[in-house]
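In what follows, chain A forms one complex with chain B and a second complex with chain C.
Moving on, here comes the complex of A and B:
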C-alpha cells in the first residue's frame, strides 16, 4: 500500500532537513546550558550566516561548503558582541525580559539585513547540484550526503571540544553548577561569551547549509526554524545534546512527512502541533531536564 | 496627577478631530485607539504572568468571527464585534487550558504556535468559509454613504476604547486583579493562600482574548477587509513592544507605549524610512529593557531618583574641631 520508495525518500529529506535543525538546536542547548537563557532571536543568526555565505559566494565563487568556516567565525564575533551588549545586562532579571529582548533583536537583525540586501527571496546553487548518488532504489543528491557529513563532523568537533579540552570542561562545569564553577576559579563571564559565540557559530553553520541546499532565504526566514529548534530542545530536553539530535531527526522526518501527506501548508504548523501535544502531556518536555 | 493626565488625554482625543480636520490623522488616531485596546488586552494577560507571543490569534479570530456573522446575518457590526470577541474568548480559554501548567518560555512558544496553527487552518480547511489567503470583505462600521462617517466612526471607537480601559482598570483594582498579581509573583504561594491558579489563568485568557477580539473586529470593520495576514507574527509582536515600551503591568503603560511608538513610527515613515524604522524601534526597545525596565511610565520616577542621587554626591564638609 505505502510505497517504500516514497518512505525512503521522506526519510532522506527528513534526515538532511534534520541536520540543519540539529545544528540550530545544539547551539541553543549550549547557550541555555551555560547561561540559562533562551534566545528567541537565535534564528536570526542562521539568517545572517545564510546571507554571509551567499554574499561571499557571489563575490568570490568559492565553494559554498568552505564558506562555512567564514560564516561560523563571523558569527562567533557577532554573537560575542550581542551577548556582551544585550544579554549580560539583563542576566537574572527574569525570563520575560529575555523574551522581550529577543523581540528587539529580531526587529534589528531582520530589518538591518533588509536594508542592506533588500527583502526579496534569494537562493544560490550548489556546485554539486544535480549530481546524485544511487543508494538502493533512490537517487540521493550528493548535497544531502555532504550536508549530513558536515553536520556529523561539526558535532564530533563540538563533542571533542567539550569533553577533551580544558575550556570545554570549564564550560560544562559552568553549565552544571555556576556557583561551584566560580568557586574553583572559572571565569564564568568568559564562559558566557564563549558559549554564546559557539552557539551562534552553530547557527551560522546551519545557515550555510540551508543556503547550500538551494533553499530560498530572505531576511525573515530565521524565525520559523528557530521556533522549531526550540520545539526540538523542549522535546529532547533542555540542555540535552543527544536529545537535540534525536529530536532534530524526528522533526525533519515528521515535517517532510506531513508536507507530503497533508500538503505543504502544514509543514510549519505540524511542528507546533507536535510541540503542543507533548507539552500538554508533559509540561517539562519529553526528557524533562532541570526544573524548568 | 494621574487623574489630570487622564482627563487631559481624553480631552485631547475628543477635541483632536476638530483641531485638525485631516482625514489621515483621523485614521491614524482610530488605529491607535484600536491598538491601545489590543495592547491593554495583552498587558492584562501578562499581569497574570502569562506572556503570550501569539495574541494575533485572538485579534484575528475576533475579526473573522465578527465579519462572518455580520455578512451572513446582516446584523450591525457594532453588535457582531462583541459576539466575535466572545468567540475569541472561547478559543482563548481553550488555548489557556493547554498552557495552564506551562512556564514562561513554553507558554510563549505554545501561544506563538497557536497563532500559526490558526492561520494554517484558516487558509486550508476553513478556506471555503474564510476565503483562504484572499480573505473576505467586511461590512464597515458606518456606511460610507452617511456624510461625516469617519467622524462618527472615530468617536464610536473612542467610546469603546475608553470603556475597555475602564473595564481593565476595574479588573485590576478588584480581587481578580490581586489574584493575577499573586499568581504572577509566586504561583505556589498563591495556591496555598487559597487562590486557584488554574481558574485565574483561564479567566485572564478569557478576558484578554475578549478584548483583543474586540480590537481585531474593530480594526477590520474600520478597514473593510480581512485576510489571514492578521494572524501574522508582526501583529503578535506589536502589542508586546508597545507594552514593554510603556510599562508592563500598569494601566497607563500600554496607552503611553502605544501612543509614543505610534507617533515615532509614523514620524519615521514620513522621514521616508522603511526598514530602518524597525531597526530603530528594536534598538529603542532594547534600550528600554536594559535601562528603563519599568517602561516609559517609570521615567518621571527615575529622573527624580537620578536627580536626588546627584545632589547627594556633594561632599559634606567636616566640622572643624574647636
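Moving on, here comes the complex of A and C:
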C-alpha cells in the first residue's frame, strides 16, 4: 500500500531537485534559443557559481541567499567574456566546432577551478539549516522552501524581462528569427552577449542553491547536471522556456521516484528513458515546434 | 573559418597543457634509484582521500631516504627511493592510464596505493600482465585479491576488506548497540534489531552489503535488515533513499560510502529527513574533511576505524602515530587520514620487501612479500606484525569503533574509541535525541 506521506516527501524532494534543473536548463535554453549554439560546458557555469558563492560566504559570512546576486552578476560578466572570445568567432561555422569548443571549455574551467580552489570537495552551512516548517504531514527544512521561492522569483523576473522590456522583446525576436531581427535593426550580437550572460547567471543561481542546500561541491560537479539540462531542453522542446520548466520538474520528480521505487542506480537512467519515450512519441519535445 | 579552426586547436592544446598540470610528471630515470609508483586519486571525486594517500607516501619516502634508502645485495651503500605518483582521476579509465604509464613509461619497481575498488579492479589486468608487485592500500573489496578471472598473485592487500570491517561493525551492533537500545527502551532481548543499509553501488558498497548479510546469517544474529538502499558513486543527494529508510523505521543506519558521500548522507538524514537514529560509517570516513562537513549532525554517530586524524588507542603505537601525524602536518599543513596511514605503511612494506629481497627483480620481491613478517608500523596489526595471508595475501588489522561527540568550541565532532574493551576510552552511549524504530 502506498503511503501518501512518503509520496509527498518524494514529490517535495523531486520539486527541489527540479528547481536546480529548471534554472540550469532555462539558461541553456535561452542561449540555444537566441544563438542556436550547443554548449556542453554550461554545467561548468553552475560549478563556478557555486564556488563564487562559497568563496564570498567564507570571506564575509554574508547570508548565502544574498550572495546569489553577486554570483549571478559575476557569471553575467564571465559569460559575456566567454561568448565574446570563444563562441562568437565560431558562430555559424558548424555544430562540430561548438561541441569541441565546449568540451575544451569543460576541461579548462575544471582545471582552472582546481588550480584556484583545489579539487577537494567542500560544503557550506546555511544560516537556516536547523529550521524546519511543518507543512501537512511533512516537516520541511526552511532552506528548501526558500530555494523554491527563489527559483520562482528568478523565473518570474526572467518572464517579465522577456515579455515587458524592449530588450527582452528584442531577445525573443532574435530567438524567433535571427535574420528578421537583423533586418528590423536589432543588434543581434548584443542579444547574443546578453542571452549568454543571463543564461550563465541562471546557472550561477542553480549552483548557489545547490551549495546552500547542503550538497557538496567540487570542480567536477557540473558535468552530469549539464547532460541532464540538455536532456531536459530536448524533452521540453529546444528553445522553449516553458518546456525547460516543465522538463526540469518532470526530471526532478522522476529521478526521485525512480530512486525510491527502483533503487538509486536508476536515478540518472530514468531521465533518459523518459527522454527516449518522449522523442519517439513527439520528436520536437513537449513544447517544441517543428524545425527547431 | 580558418581562425575558428586555429582557435579550437589552440584551445585543445591549452586544455591538454592545463590538464597535464594535475599529473605529476615523472623525472627522467637516474641510476641508483628504486622507483616506487603510487596510484592515487589526485583529481576527481575521490581526490581528498587520494591526495592524502600520495602525500603520506611522500612522507614515508622522505623518512626512508633520510636514513639512506634501501640496502640491496652486493652493495655497501643504500639506494634511495624515487616516488612517482600516478593520478587515477577517480575513474576506471584514469586508473588504467596511470597504471600503464607507471609500469611501461616510468618502469617502476613496485606499486603502492589504489583507492576505489571499482577503479583498482579495472587495471588489475595490467598488473597481472606485467607482473609488478602491487601493495593495495585503499581499495577494500575482497575481489581485489579473491577474483579468479585474472592472475592476482602479484597483488597484496594492505587494508581491511569489506568482509572484515562489515563483519566487525555488524558484531559491534549486535554486542553493543542492540543491548543498549533494548535496555534504554525496555525492549525484550528477543526483539530483532532493525538495521538499514545505505551503500554505494560499487564493489566496495556491495562488499559491505554482502558482509553484513553474511554475518547476520552465519552467526544467526538477532538483526533484521529493514531497508537496503543503493546510490551511485559520487552522489550528493540522498534524501529519497533516506526517506525510504525512514519509512522502514530502522534502529540504526549503516552507510557504506566515501567521506564525500557519507557526510552529506548523515547531514541530510538528520537535518532534512528527521532521522533521529544512529548512523554507522565505514572506516574511510575517518577523515578531517568529513569531520568538518558533518558538523553538529555527526553527534553520536559511529565510525569503524583503525587510524584517525583525531584519536589513537593508547599503547606502543601511539607515539608512532603521533610522529606520523606531526610529520605529515609539518609537510602538508593538514592531518593525514586512514588511507594515508595505510599508504604510508605501504611504502615501508615495499621498502622492507625490496630490502629483504636484496634486489628489485619483481619475482624475487613478490616472494619477499609472500614471506614478509615485519613489526607493525603505525597501525595496530593482529599479532603485532605485518604479514600476508597465504591464501589471498591480505594483512590482518586490529579495528575499533569510535563514537563522535560534538565539540561546540571548535564546531566539529571528535571521535572517542568505545569498542573493543581493551582499547576503549569511554563507553558507547545512545544520544538523548535517539529514537528507536518500530515494526
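To be clear about the criterion, the second predicted complex is superposed on the first by the 281 of 292 C-alpha atoms of A that agree within 3 Å, B and C clash if a C-alpha of one lies under 4 Å from a C-alpha of the other, contacts with A are read in each partner's own complex, and residues count from 1 in each chain.
One rule holds in what follows: a contact is a pair of C-beta atoms (placed from the backbone, for glycine too) under 8 Å apart; a residue touches a chain by one contact, two chains touch by 3 or more.
Bear in mind the structure is a predicted one, so any value in this text is a computation, not a measurement.
Trainee: Quick check on the superposition: with chain A as the shared anchor, is it clash or fit for chain B versus chain C?
Mentor: clash
Trainee: Which partner does A:17 contact after superposing on A: first (chain B), second (chain C), both, neither?
Mentor: second
Trainee: Per the contact definition in the header, classify A:90: touching chain B only (first), chain C only (second), both, or neither.
Mentor: Touch partners of A:90: chain B and chain C.
Trainee: Taking the superposition on A as described, I'd like to know which of chain B and chain C A:107 touches: first, second, both or neither.
Mentor: A:107: touches chain B and chain C.
Trainee: Under the stated touch criterion, which partner chain does A:99 make contact with: chain B (first), chain C (second), both, or neither?
Mentor: In the superposition, A:99 contacts chain B only.
Trainee: A:129 in the overlay: touching chain B, chain C, both, or neither? Say first, second, both or neither.
Mentor: second
Trainee: After lining up the shared chain so the two structures overlap, which partner does A:38 touch, if you call chain B first and chain C second: first, second, both or neither?
Mentor: The first partner, chain B, only.
Trainee: Determine, under the contact definition given at the top, whether A:276 touches first (chain B), second (chain C), both, or neither.
Mentor: A:276: touches chain B, not chain C.
Trainee: Looking at A:227 after the superposition, I want to know if it touches chain B, chain C, both of them or none. Which is it: first, second, both, neither?
Mentor: In the superposition, A:227 contacts chain B only.
Trainee: Where does A:139 make contact in the superposed view: on chain B (first), on chain C (second), on both, or on neither?
Mentor: In the superposition, A:139 contacts chain C only.
Trainee: Choose the clashing stretch of chain B with respect to chain C from the list 57-65, 75-83, 219-227 or 309-317.
Mentor: 219-227
Trainee: Touching chain B in one complex and chain C in the other: list those residues of chain A.
Mentor: The answer is residues 86, 89-90, 93, 97, 100-101, 104-105, 107-108, 111-112, 114-115, 119, 263, 265, 268 of chain A.
Trainee: Spell out the part of chain A that touches chain B in their complex, as residue ranges.
Mentor: These residues of chain A touch chain B: 38, 40, 86, 89-90, 93, 95-97, 99-101, 103-108, 110-112, 114-115, 119, 223, 227, 230-231, 234, 263, 265-266, 268-269, 271-273, 275-276, 279-280, 283, 292.
Trainee: For chain A, which residues count as touching chain C in their complex?
Mentor: On the chain A side, the touching residues are 3, 6, 9-10, 13, 16-17, 86, 89-90, 93, 97, 100-101, 104-105, 107-108, 111-112, 114-115, 119-121, 123, 125, 129-130, 132, 139, 141, 144, 214-218, 220-221, 256, 259-260, 263-265, 267-268.
Trainee: Which bits of chain B are touching chain A when the two form their complex?
Mentor: That would be residues 46, 51, 53, 98, 101-106, 108-110, 112-114, 116-117, 120, 123-124, 233, 237, 240-241, 244, 248, 275-279, 281-283, 285-286, 289-290, 293 of chain B.
Trainee: Which positions of chain C touch chain A when the two form their complex?
Mentor: 1, 3-5, 7-8, 11-12, 14-15, 18-19, 21-22, 43-45, 47-48, 51, 201, 229-232, 235-237, 239-241, 243-244, 247, 260, 263-264, 267-268, 271-272, 274, 289, 293, 295
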